[in-house]
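See below for the structure under consideration.
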Amino acid sequence: MENKYSKDYTTQELMVAAAAREINDGEVVFVGIGLPVLATLLAQRTHAPNLVMIYEAGVVGAKPARLALSIGDPTLFSGALMALDFHDVFAMFLQRGLCDVSFMSGAQIDKYGNINATVIGDYNKPKVRLPGSGGAYDLGTSKKMLIIARHEKRRFVEKVDFITTVGYLSGRDSRQKAGIKGGGPSAVITNLGILRFEKESKEMYLETYHPGVTVQQVKDNTSWNLKISPRIFETKPPTQEEVMLLRNELDPNGIFLK
Amino acid sequence: MENKYSKDYTTQELMVAAAAREINDGEVVFVGIGLPVLATLLAQRTHAPNLVMIYEAGVVGAKPARLALSIGDPTLFSGALMALDFHDVFAMFLQRGLCDVSFMSGAQIDKYGNINATVIGDYNKPKVRLPGSGGAYDLGTSKKMLIIARHEKRRFVEKVDFITTVGYLSGRDSRQKAGIKGGGPSAVITNLGILRFEKESKEMYLETYHPGVTVQQVKDNTSWNLKISPRIFETKPPTQEEVMLLRNELDPNGIFLK
Amino acid sequence: MRRDNKIVTTEEAIKKFVLNGDTVFLGGFAHLYPYAFVHEMIRQKKENLTLCKHSPELMADMMIGAGVLRKLIFGWFGNPGVGSSHCFRRAVEKEIPQALEIEEYTHFALTTRLKAASMGLPFLPTRSIIGSDLAKYNPNIKFMDCPFSDEKLCVVPAIHPDVAFINVQRADAFGNSQIWGAIGDIREGAFASKKVIVSAEEIVSTEVIRRDPNRTVIPGFLVDVVVEEPWGSHPSYAMGYYDRDNDFYIDYGSRTRTVEGFEEYLNEWIYGVDNRREYIRKLGAEKLLKLKPKSFMSFAVDYGYYP
Amino acid sequence: MRRDNKIVTTEEAIKKFVLNGDTVFLGGFAHLYPYAFVHEMIRQKKENLTLCKHSPELMADMMIGAGVLRKLIFGWFGNPGVGSSHCFRRAVEKEIPQALEIEEYTHFALTTRLKAASMGLPFLPTRSIIGSDLAKYNPNIKFMDCPFSDEKLCVVPAIHPDVAFINVQRADAFGNSQIWGAIGDIREGAFASKKVIVSAEEIVSTEVIRRDPNRTVIPGFLVDVVVEEPWGSHPSYAMGYYDRDNDFYIDYGSRTRTVEGFEEYLNEWIYGVDNRREYIRKLGAEKLLKLKPKSFMSFAVDYGYYP
């Protein structure tokens, strides 16, 4: 099949394809459930056949017979390459620096890519109590952190109420200076565009807008004055092959792609 | 069979029986090879059926089909209850404080039960280079350390050239003050007698002499002025049952009992 | 090895080994959660418990809603794959049914606390937490300089729960326990705790254990009592025995949005049954058949016999 | 997973992955010692190597005698179950054939250095060594106060060897490696090292590995190359494959009491054969039959199939 761009795709499909393109062949990918799994599987089926998948529940090289519905789904363990203790996942893989890519989301994301998954409002008197870090903090120490999120004003805030997963802290070399390993956030893929971080200041900026989305629309859904790349362009749509794989093979029952 | 004392036994058999009596039922015993294994097996076959055996190679509840010739003998693993990583043996069993009894020997033993298995002479210009600690230091942190050794003047020295395994350091509460876990040496079983440590000073003293041995003989083979218990008595010989078990069942080929 | 048989019922285990005020550990990650023990703690109306569990999911949500927990030491609290944990949120946001003290970590840092205890150390360093806001609200999280480099590390103290509840696939009558699939934090939790209570999907002969010593995660001498409790982890799963009951998680999520909904749920699935056997009967044969996986056997390995 | 087949010969692995001056780790404890790699390092006359191995036994004794080692980082050095290691003693006591730098730990403390590295930490605390004389002669051993209690602890720095040599019972062509019986320090050593070279008693299909993921101790993506080397651990053993050759240990012990005896041994068993295959031929069929254990199979477990 020729690798032509699709003309019939959903925003979710575009987001998954965009995330898949962030993964290089041979990389070790720490996978959760939902869109990140689909992005990883899509990368594996297209340009990254040698990627290695690791799940928090303690499994390397899973070969699931169905789409996992939770991160500890038994289907991830049957026929996998390696099962390991929970502590070892964090110590011997994440802390050891063996993970290249991880996926992240959060209720709040700020302009330095810090993520809040803990609490909205005051910690001791929360307006909304969220689930908390779990593994998220440590996933944030992989070489490339990919953030996937719905672009909303209340989510994209200037400063998060609580730093659960560290992005670039207060920007510049503050992350490195604090002694935090890993490369920090590499891309933010939303339903409106793809955002990256300036090389020096580490402030988030808009790199591409999705077909049919305007730059103003992105700015309107971000609660600080979002920087725009001088070389901004339109996000490349998914290819026909990518859409076909997602619809027919990776999520044929539309469990995550609704 | 009646539990009569034997009249036909070797010194080694007496030493093994004496060591076996130091083990209580239900205790977790860290076993090496040679006489300590025989003592542990003898205790298990007589008064301590519920003792648990752990070997340094990483095996709990071994059921060896032959007498192990080295501490990593495969026969210890076939049919054992649990196999574990080397680091876990030390961390999760010894350092965790789960081991009740361990056996120790050494080229030099001093009056506070410190043991040298590292070097005779200067560390940097050794007269004799010995194998070193290996697991010995950590075995010395079990609740009761049993020392089994040949009683010789050059072995029983006032001060060891090098502390490999900590006994009572410089006596009194110096071991405890240094922050060392475990109960320290509990008994020293030699070919001449059984020695213990004073409650306060922690200095070694002679508690019993073996049948046919004189107190003077023990003193002559100790290079400091050895204290003698005011209630000194003759070591109880092995029972007929013990000798029978050792000869007919535990070491029928005389591998360790020569 | 203790030769005395340690088998008791779940009711006896909870009655004897859980005192009001205890700190309880529940083993597993997604896999092998000890739900049978949790339900029985609620049925016996235990009080003022502290729970140490990085991912307590519905287990703690039920315990909070039923008023069993005073304090929670955790890393993530949601209904996995479904959404919020409503009893937890009501307790933290509105003190319903009562205030809940929380002590919060990352998954890694809390497991590190158990790891330290399981290793007999008073603390362990970790790179987790550095730069996040967690340390601001938790005095048990400290930082130190590496003695060998110029790095700054996070340190957390060992934690020794009073009782560990562990569900395993198989154990013998003395507590020698084997697991396959996700091991989770079971090794650390069992070795960290003062008492260890095991439930097993199957009690097997010691011979089965001895055929494969590398599968043993808890040695019998560490275990106080053993319960045979098939389906003991429902609605979570036991690898090779049954699947995770996703519908049950979704149903719990929607029914417990209100206090009344939770009470009804509690009355139906916990107070409304006397024990696990009744609970399983209530689940019904159709559900059991649906959750049973097809067989996928490991290949045997040869340990060799060395006489 | 890398789809490229990583299989090479022992000769190629040593030629490509061991540079003079490297720090080398050898995996195992009594079990699965990588003797085939050690002999080949000696045959290829590697120089100035540092060996990191808590219990190096005959492996390091041969390397020292052959002049391959400059430095040894260790915990215990003897001929296990036999007595002294003569080349080691000659080097330390008399600088024959050359001076040997030693850096000495307890087994636990040295394994803790690897553990720290395998966990991505710059150091770890341990209760080992405290009160002994080891720290007096080793500046890498330090002490610290616990940040949470009044306890004093020993601390040791992480160590990252340049190459780990690991012999396993079975691996696939991509390096996914499985072990049973004594695991030793293989997990820590492999994850601590910069490169990982695996030899396997048998290369199996990935399907065999996937049938039992809990037995995997090293994931393929960590492994640089894989060698198939049956009897690769002789004279130590591979559980289920062959027994320890005690006679061989005794013979080595008596023949190497003199420098001449060692040279003769070296010429006969290492320089005198071109590769492991010739070494095994030299051992002879009678010996192979004698060391082969009877079969003692594990029982299979059911992982379940979850479509």
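A, B, C and D are the chain letters, set down in written order, and residue numbers restart from 1 in every chain.
The rule is simple: contacts are C-beta pairs under 8 Å (C-beta built on N, C-alpha and C of every residue); 3 or more make two chains touch, one makes a residue touch a chain.
Predicted, not measured: the structure shown is a model, and the values here were computed from it.
The chains that touch chain B as well as chain D are C.
By number of C-beta pairs in contact, A-C leads when A-D and A-C are compared.
Our note on geometry: chain B versus chain C, Cα centroid distance of 40 Å, whole angstroms. Centroid to centroid, with C-alpha atoms defining each point, chain A and chain C lie 29 Å apart. Centroids built from CA atoms put chain D at 37 Å from chain C. Residues of chain A in contact with at least two other chains: 59, 73-74, 77-79, 83, 91, 94-95, 181.
Counting partner chains per residue, chain D has residues 120-121, 126-127, 151, 153, 180-181, 183, 187, 211, 214, 239, 243, 293, 296, 303-307 touching two or more of them.
Interface note: chains touch in the pairs A-C, A-D, B-C, B-D, C-D. Residues 26, 28, 49-50, 52, 59-61, 63-66, 73-75, 77-83, 91-92, 94-98, 181 of chain A touch chain D in their complex. Listed in rising order, the residues of chain D touching chain A in the complex are 1-4, 118-121, 176, 187, 191, 206, 209-211, 213-214, 216, 219-222, 303-307. Chain C contributes residues 29-31, 54-55, 74-78, 80-81, 84-85, 88-89, 92-93, 104-108, 111-112, 114-115, 126-134, 136-137, 151-153, 180-185, 187-188, 236-237, 239, 243-244, 246, 249, 293, 296 to its touches with chain A in the complex. On the chain A side of its complex with chain C, the touching residues are 33, 56-59, 69-74, 77-79, 83-87, 90-91, 94-95, 118, 123-124, 126-129, 131-138, 141, 162-166, 169, 175, 178-181. Those residues of chain C lying in contact with chain D across their complex are 120-127, 140, 142, 144, 146-149, 151, 153, 155, 157, 169, 178, 180-181, 183, 208, 211-212, 214-215, 239-241, 243, 293-307.
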